[in-house]
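Paired with chain B in one complex and with chain C in the other, chain A is shared by the two complexes that follow.
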Partner chain A sequence: MLKKFMRGDRKEEAALTAMHEHLDLLCAAGQTLTELLSAGGKDLVDKIFDLEREGDTARRRVLSIIFEGAFLPYLRPNLCRFVELVDEAFDTVEDTARYFDLIALHPTIAEECRRIASFNQQMCEILILAFELAVRGEDIREQVLAIRILEKRVDDLKGDIYQKIHEVPVADFWQGKFYADFLHSLTAFSDLIEDASDALYVLTVSFR
Partner chain B sequence: MWRITGGLFLGWSLGANHSANIFGTAVASGLVRFSQAVWLTAAYVVLGAAAEGTKCMATYSKLAALHADAAFALTVATAVTMTGLTRAGVPASTSQALVGAIIGWSLLDTTADFSQLFKIVVCWVLTPVAAVVSSTVLHRGLERLVVKRIRSFSARNRFFLVGVLLTGCYAAYGLGANSVANVTGVYVNAGLLREDMGALLGGLSIAAGILTYSRRVMLTVGKGIVPLDPFSAMVVVFAEAATLHLFTQLRVPVSSSQAVVGAVLGVGVAKDLKTINARTVLKIAFGWVLTPVGAGALALGAHALMNALGL
Partner chain C sequence: MKLEEIMTRKLEAITSDASVYEAIERMVDKRIRSLLVRASHPAELDGVVTARDVVFKVLAKGLNPMKVRVGDIACRPLRCVPKDETVENVAALMAQANVARVFVCDEGTVVGLVALMDIMQAALIDRARNPHA
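And now, the complex of A and B:
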């Protein structure tokens, strides 16, 4: 216990640093996905895969630090939930890149997909800002609201895509499946970021 | 001298049961390890008993004149009453049971000092009231003056961790100082022990109960209180400690369990009055009446039986 006193809040700081790193990696992956949807390129797909692997390492580091006793037990479930949601969002970015590599994005829906990727990236940046504010004990209501607004826009674009999707020619079953999976993972990202921002908000409220 | 085993047994059961009110929440939530919690509690209970435990001993001496056999019978009657009420789920107080037993016992030889009893009963009523008030004031005051100023996540986390440990140690000190008179006070009254020896032996017996038999109660009570947020849990323990310490200065042994319940109610008052459960309040009131009356009846019966047998 004396060690714990002497060591102070190093564990907490280490966990928060690793969480920030995890979010930075997600943001980098989101940015790379936006570039991928605009320019294409196998190297960008590989970069997203690499970022996802680094993200997994950061997630494991955060969870192990929390498991070693960082933070009050009361806060740990919410912290872990936040980290897991960010990681799920990471997985959807990886899936989106993988399916994009297997399809040829049709011009009918290409613009909507690029706008969704751009909104996803903006949501990531707002989530990082919300996290930084939450760590400093400041109010994050505005950031949570901004994420919700962007999520609504993504939903609207998703509706537009489904209106146009029948115009996209599909050669065979697998191409259709990859298209559907691509659109699903591209649009699921915003839901996960919204859930993560809600979890972060609950965390700040429970710590007041 | 063998008669003090009754008191030591009472101290052991008191330690096993009442330590849950101190680090129960922290242990059940994993904030403090069980071994750390019991050693800290035991150490501070002995310290409190040795430093201030003698203050409450005189209260029992003034209540009624007792001899050695009576002291033994009273501690056993108290232990039996406590066990029965604990099994029935009524929040029972060792001090109330013991005072009830002393009054019941002394009814037959008319040695009871009812003016002293009045002072004690007033303090019993005031225990949860003082806990409600101190908890409300501490919750509002600390929130405004300290918690809201500590904004960073990790600093606030550290404040709660250190706060829980410090308030827990203070509560253990308060428990030792206030409750040790329940354990060996009647033996001091009967002339079997010196005040300082009684306080030390009583403190050690409570510590033995904490170290050997408190795990189950601590986890059960702790898990029941876990829904409290860390700040409220810290305030509850702090208010309990302050209440016990206050009544130690007034030289009256009071109930730590009822202080805890009062402190939890105080947090409810500080947050929102609607959170207060009227049934809990009634349960405390029920315990006030039932505990001393039950122990008094048992002691009276034991005294009458001993008189009939010519013991």
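And now, the complex of A and C:
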């Protein structure tokens, strides 16, 4: 559907390719985060940092192509919004990895955190699929609904974590703050992916 | 999807000697439709009490929920499935037995609950991930 509204020049193809690459990098970061929460390892933290930087490069490429005149003017704000939301989600993955490196994940909440990371990864994979379908002009309602279901599951797990968090011992203020920031960024990802899927859906609906 | 991914792990339980009124309180407070009923003595089996049991066996009959024992209206035995069972098989089992939920068991211990909503959501997520299947 997006291709229908393109003016046929290569800029738009390049923008869509860069957007897909951006999403691929986000998925890779999500998968790496899932591995990190299970296995640990400084190399995985560094890998996520590298992926986030590559994601920033992809984002800048998309936005500069759009600002150079790709796509019809009324599409550009929504496309930019989608790209910015994906970038914000990427930042939360980076933050999660950073804070994870500063804490020791307590067994009381470790299982819930790993499940949230797994759901986040699934949401990302479905978002890529939704993007591919949207580009081809297909309905993405099912993908948006699936993302919403997974976001609700993350919210439920977040509730479970915050009920149990009092059992997690913290040595000082800063460890407590890093823990809180870790949990915040881990759970914020799903909200941003849901917003991104909604932004994508609005784009496809506005074409009808 | 695996059963482990869709099951509810946080299970609310009540003893069989508790009153139905306490069960109602718990269900309303937690916004859930069923409770695992733990046997109060060795001769009894664990069971499940649902909102349906409460309404049809107690309230609709005009009985006082404070005077009825949970164990007297609970359904037994628990329907258990192994945690490596497929979602499709669980759905078929629920359809065959006409039940809205089954418990997931691992080595004799109840580790989770799968309800109709969980099956529906798993089906939706599966459809979304395989759009042309």
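Here is the rule we go by: the second predicted complex is superposed on the first by the 200 of 208 C-alpha atoms of A that agree within 3 Å, B and C clash if a C-alpha of one lies under 4 Å from a C-alpha of the other, contacts with A are read in each partner's own complex, and residues count from 1 in each chain.
To be clear about the criterion, a residue touches a chain if its C-beta (ideal position, glycine included) is under 8 Å from a C-beta of that chain, and two chains touch if they have at least 3 such contacts.
Treat the numbers as computed from the prediction; the structure is a model and nothing was measured.
Enquirer: Can you tell me whether chain B or chain C touches more residues on chain A?
Expert: B
Enquirer: Can A:Leu72 be said to touch chain B (first), chain C (second), both, or neither?
Expert: The answer is first: A:Leu72 touches chain B but not chain C.
Enquirer: For A:Thr96, select first, second, both or neither according to whether it touches chain B, chain C, the two together, or no partner.
Expert: neither
Enquirer: Is A:Asn120 touching the first partner chain B, the second partner chain C, both, or neither of them?
Expert: After superposition on chain A, A:Asn120 lies in contact with neither partner.
Enquirer: A:Leu16 contacts which: chain B (first), chain C (second), both, neither?
Expert: first
Enquirer: For A:Ile149, is the partner it touches chain B (first), chain C (second), both, or none of the two (neither)?
Expert: second
Enquirer: If we overlay the two complexes on their shared chain A, which of chain B and chain C does A:Ser185 touch? Say first, second, both or neither.
Expert: So A:Ser185 meets neither chain B nor chain C here.
Enquirer: First (chain B), second (chain C), both or neither: which does A:Glu138 touch?
Expert: Touch status of A:Glu138: both partners.
Enquirer: For chain A, what residues appear in both contact lists, the one with chain B and the one with chain C?
Expert: Chain A residues touching both partners: 138.
Enquirer: Could you list, by residue number, the parts of chain B that touch chain A in their complex?
Expert: 29-31, 36, 147, 150-158, 160-162, 165, 226, 229-230
Enquirer: For chain A, which residues are in contact with chain C within the complex?
Expert: For this pair, the touching residues of chain A are 118, 122, 125-126, 129, 133, 138, 142-143, 145-147, 149-150, 160.
Enquirer: Write out the stretch or stretches of chain C touching chain A in their complex.
Expert: That would be residues 5, 10, 121, 124-125, 127-129, 131 of chain C.
Enquirer: Residue numbers of chain A touching chain B in their complex, please.
Expert: Interface residues on chain A, with respect to chain B: 1, 4-5, 8-9, 12-13, 16, 71-75, 134-138, 206-208.
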